[in-house]
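After this come two complexes, each holding chain A, first together with chain B and then together with chain C.
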Partner chain A sequence: MLKSKKFFSAANRRDLFFPLILLAPALAVLLSLSIYPLIYSIAISLQYETANGLTWGVSNFGRLISDRFFQIAMLHTFVFAFFALLLEFSIGLGLALLLNTHIRGRGFVRAALLVPMMLPTVVVGVIWRLMLNPNFGAVNGTLKRFGLNTESLTWTASPRLAFGSVVLVDVWQWTPFVFLVLLAGLQAIPQEPYEAALIDGSSRWQTFRYVTLPLLKPAILIALLLRTMDLLRVFDQIFILTEGGPGFATETISLYIYRTAFRFFDFGYAAAMSFVLLAMTNVISTIYIRFLQTKEAR
Partner chain B sequence: MKRLGKYIALFVAVLIAVAPVYWMLTISLKLEVDQFASPPAWFLFSPTVAHYTDAFVTRSFGQYLLTSAIVAIVSTISALVIGTLAAYSLARFHLPHNLDNKLSLWILSTRMFPAIVTAVPLFLMMRDLRLINTRLSLIIVYTGFNLPFVVWMMRGFFAELPRDLEEAALVDGDSRFGALWRVVLPLVAPGLAATAVFCLIVSWNEFLFALVLTQTDAAMTLPVGIAGRVTQYEIKWGVMSAAGAVALVPILAFALAVQKYLVRGLSLGAVKG
Partner chain C sequence: MRTTSILFAITAVLAVCLVLPGCQSTEQPHAKQLTLAVNSGVEGEALKQAALDYEKQTGIHISIAEFPYANLFEKELIDLNSSTGAYDLIMLDDPWFPRFASKEFLTELTPLFQKRGQNGPDDDFINASIALCRKPYQTGALYALPYVGNSQLFFYRKDLFEKYNLPEPSKWDDVLAAAKTIQENESEGGKTYGYVMRAAQGNAAVADFMPIFWAFGGEMFDESGKPIVNSPEGIAALKLMLELGKYSPPGYASFNADEVNAHLLQGTAAMSINWPVWISSFSDASKSKVVGKMAFTTLPGETKSGQAEIGNWLIAIPKDAKNVDAAMDFLLWATSTKQMKISAQRGTPPTRKSLFQDSELVAKYPSYPARLKSLESSRPRPRTPQWNEIENAFGIFLSKANSGELTPEDAMNQANAEIEKILQRGQ
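Here is the complex of A and B:
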């Protein structure tokens, strides 16, 4: 029985009093800071400006279909998330596998690799503005030393390179996170399956493919889930690095919503767009969690 | 040979992770002549603290720093108190209709909202309450932001404790709240401390809500202050780097303190590292 699993089971109404009193403040805060704002947001997204003042209707959602900027920002967000996730996952997995072997100075390497992800994203933005500055930045300065021509490498200032720059900065900051979660997952795998694989004479690739990977799956899914959620709502780094520019080159959906609300004060349309983002992240996280649960059930 | 390759790969990874941070620190200590030197001077330059005094004495960065500290500390304490009570309830009591598990999942889901989704209505709500450009608005918002995290982390820590201890306390005549306060809380103190540090880090680093809710010198946090300088046309690189360096000092100290719980905290308790 489920009941017996917990310390106090609330069999009658009086026993409910203590647990509910403990929960009440948290529920009140979450209702007023998460649920009420969502309802508020639905309300403003369903209102729009006409010649006779505010009217109710779905016109804000209709605009989404014909707004090319919205679609481009959406596309940017997906492309950004895809490439950043791909790079963060492959580099993170590689580093985790490297560090899961007997190696000297493991603690030091782990601590050093953690530095980027602990930094405030605003500071990360500042650091990379300094690093990527075409005139005095350390990146071009170092490349020049190796005899490379850096004249065309203007990084965040060039429409062609800006997108790559913001992806690389995110990879710099968040690969350590993927690495850390995967390393924890690797270290939780028991020794026995590896010994069995050794006895069966499987190759290193086979051991990785049929022993490590399946056992690492929960950690992989969690790392990917949390990264995907963060990548789809990316804002801070890009705001500092390029402000979505040059032109519209690095504008993502969060930046476009911010601009619509707080530069053009079109709150209704911003709210409508934010629901698309919310729906998207919901669908994607549900898919991940499904995967996670089926894997755990087996 | 293979071993050597491994060490070289790790060395390069560490270099890439740390060198940019070091570069910002050098910029914050360099005279402007040295900042723009080509090729870049990594080690040899005559250091100066002029940018630090410029930022924190002449300009308002001292004020931003104070605001950041107040907002982070107060919001952490309130999230911790409210969240720990809820977590204990969810970890120890069985509610009818499996409500305890449903509530836990719902609380987690509020944490998954993209920030910009709630930023728009929260701005309008705070405007209606005349709380724009106040520290209070940030304290309220960060409390709500950190709450789901506290609930999930603490729920995990409570669940790991054996129940016999509370049962013994109850038999000894303690009230339920007394059992929580005198018996359970001291046992989860390390977890509570780690959770507090994570909340401090999140509040200290938070940018979007602070940007939306505070625009005046008296109310803005350090990240917003720094960002305001970056996006202007003429950028004082030294001042910005000095402010950035000061912003990351407490974070690095905190991170070191919670290394043991890092994976658990960053994965919302999903991976017990």
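Here is the complex of A and C:
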């Protein structure tokens, strides 16, 4: 009470006026471009079309339960995220450890590794689509040179291979990001713990397990968290590479949401699916943070 | 004191900024300007050219909002839905028409014709094209005029057909037999596949399947509007598609137009269902290894005579357009015989019979007689506002059958169930 009285005192109000004015443009942008659309999308997710026009209700969320396409797309998204993350993390960590040592040509390799990440995702999609073309593409062309039979290697056309291809492209593009974050983390670790470990006679594995890994945890958390959120909303590469096909084999939830909103013009249902995706991303992120932080505190 | 004056200055600047755009919009000249939403592709290019001509002739400025195919639909529907009246004229692909017309988003054209002392569009327009502009199909009120007249054609290598003494295919069974003969015998200097098609999910697979489906007597809906794609005829048609797939290049289950035409241009495939827009590239020696070797004809039949899928671009006036009359003047001018001939010379197929028979144009485009025949006997995609959703679902199952994930029976049964669900939701 006392505080609020002070807050509204005449002198304070004058002091507050100027900062508020300065904040106003930022707040206006935030309100109009983030907050309002967010509230609006909640509203439309709770509206559905009937013969008598729009009606309020949770029918859009109910539809999720019986929508096979939604469930398969969701499953694809998680399988995609799991495999891509697994590969990106293990390769990224390996590279970071390797390039944290003093080997020749380190600077060049480090710089070269970052190139895929710098490219726009759409460009990456187009490049790979051309390379993976079964008849004219570079990948099968190279394999043919080595005398392999590439007849059945239709990278984007057979359901299994297509899924592998989209994972591969993501790994190609985003492993450098994981590598970069982990390398920065490695370089921030001071030398003293290593010296102490050396004196205690720990093996290389023990040093890695009990010194490097725990101290790298903040960087690991950031890398995993950002990649997971990105992977769960993957869109561009898949849209260019396979457009969700063949059939439904590589359709992820973002693609399905896009289709529902802009092709079928069902914004309410698309918004409902988006909120489910948001909720799931939140849950996973929270689990990560809990898991990695408590262990670090221990 | 100083802070107050700074504040005052900031507020004043902000206020001016807010007011300025408002002032500008009120000064807009009346009917001296039209806004046109077009597709950024060859079809839109023709209309853009025409708009420039019109500006020269009448002094009415036409500003063009150009969008790629996929975005055009959403931009237009958002504009129509929110009644912004941003566009005076919109170009639309004919399958979108039922959706746009079902919500009464478009201006009815007949009253505008009557205002000008005419009953409606003249008889020179191809029936199949003008039928697309009516709601309900063929019989109802007129909401658009056809501008680009396309329908599918059957492309084949006439040199190979002559070499193996094959007749021009009139039935799908002939196509299959020809594909087999060509692929088995034609292996010098790299393989030539007998057939090539688009079986990527969505529009591609459906467009390449519909003519086969119709030829076998398949129908998407029965008379009461219930989906019946899993009829014996439908399954037989899909089986033939899969047979043709055996003579198609590997990976065709994810092919789109680019891949199909790359194969045809490279001479690595001998036949396909295709769209007229590709015809000119075959005579371009820098792209084509088959100059002078391609023939273009109407689609084969089977138990029924062959019918192509029609794909016309229409022009309509949105309900909330700001300059309806000026828009109608432009629309009539652009679809007049004289202007359409100019567009046709620039490469856009017309929607008028007389132009498909025009000796000058036929000399320039030898495929015109076949194209007219194909157009006149063509069929539209099923006219339903939910076509996008149905096409998507149907395409997924067709693609699944082609990639070997589902048997033809399972694919058609599942597609039918899915289409039924979509229709129920729409009610």
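FYI, the second predicted complex is superposed on the first by the 266 of 298 C-alpha atoms of A that agree within 3 Å, B and C clash if a C-alpha of one lies under 4 Å from a C-alpha of the other, contacts with A are read in each partner's own complex, and residues count from 1 in each chain.
By our rule, a contact is a pair of C-beta atoms (placed from the backbone, for glycine too) under 8 Å apart; a residue touches a chain by one contact, two chains touch by 3 or more.
Since we're looking at a predicted model, the values are computed, not measured.
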Of the two partner chains, chain B (first) and chain C (second), which one does A:159 touch, if any: first, second, both, or neither? second
Based on the superposed arrangement, let me know which partner A:184 touches: chain B (first), chain C (second), both, or neither? first
Where does A:30 make contact in the superposed view: on chain B (first), on chain C (second), on both, or on neither? first
Quick check for you: in the superposed arrangement, does A:271 touch first (chain B), second (chain C), both or neither? first
So, does A:135 touch the first partner chain B, the second partner chain C, both, or neither? both
In the overlaid three-chain picture, which partner chain does A:243 touch, first (chain B) or second (chain C), both, or neither? both
Can A:119 be said to touch chain B (first), chain C (second), both, or neither? first
Chain A residues in contact: does chain B have more, or chain C? B
For A:92 in the superposed arrangement: first (chain B), second (chain C), both or neither? neither
Set of chain A residues, in rising order, touched by both chain B and chain C: 18, 135-136, 243, 262
Hey, which residues of chain A end up touching chain C in the complex? 17-18, 21, 51, 63, 69, 133-136, 151-152, 154-159, 162, 242-249, 259, 262-265
Which of the residues in chain A come into contact with chain B in the complex? 2-3, 5-10, 16, 18-20, 22-23, 25-27, 29-30, 32-38, 40-41, 44, 95, 98-99, 101, 103, 109, 111-123, 125-131, 135-138, 141-142, 144-145, 172, 176-177, 180-181, 184-185, 187-188, 218-219, 222-223, 226, 229, 232-233, 235-236, 239-240, 243, 254, 257-258, 261-262, 267, 270-271, 274-275, 277-278, 281-282, 285
Using the touch rule from the top, collect the residues of chain B that touch chain A in their complex. 6-7, 9-10, 13-14, 16-21, 23-24, 27, 35-40, 42, 82-83, 85-86, 88-90, 92-96, 98, 100, 103, 107, 110, 112-125, 140-141, 143-145, 147-148, 151, 163, 166-167, 176-177, 201, 204-205, 207-208, 211-212, 222-223, 226-227, 230-231, 235, 237, 240-241, 244, 247-248, 251-252, 254-256, 259, 262-263, 266-268, 270-273
Listed in rising order, the residues of chain C that touch chain A in the complex are 3, 7, 10-11, 70, 73-74, 77, 99, 199-202, 249-255, 259, 262-263, 268, 386, 388-389, 392-393, 396-397, 399-400, 402-406, 425, 427
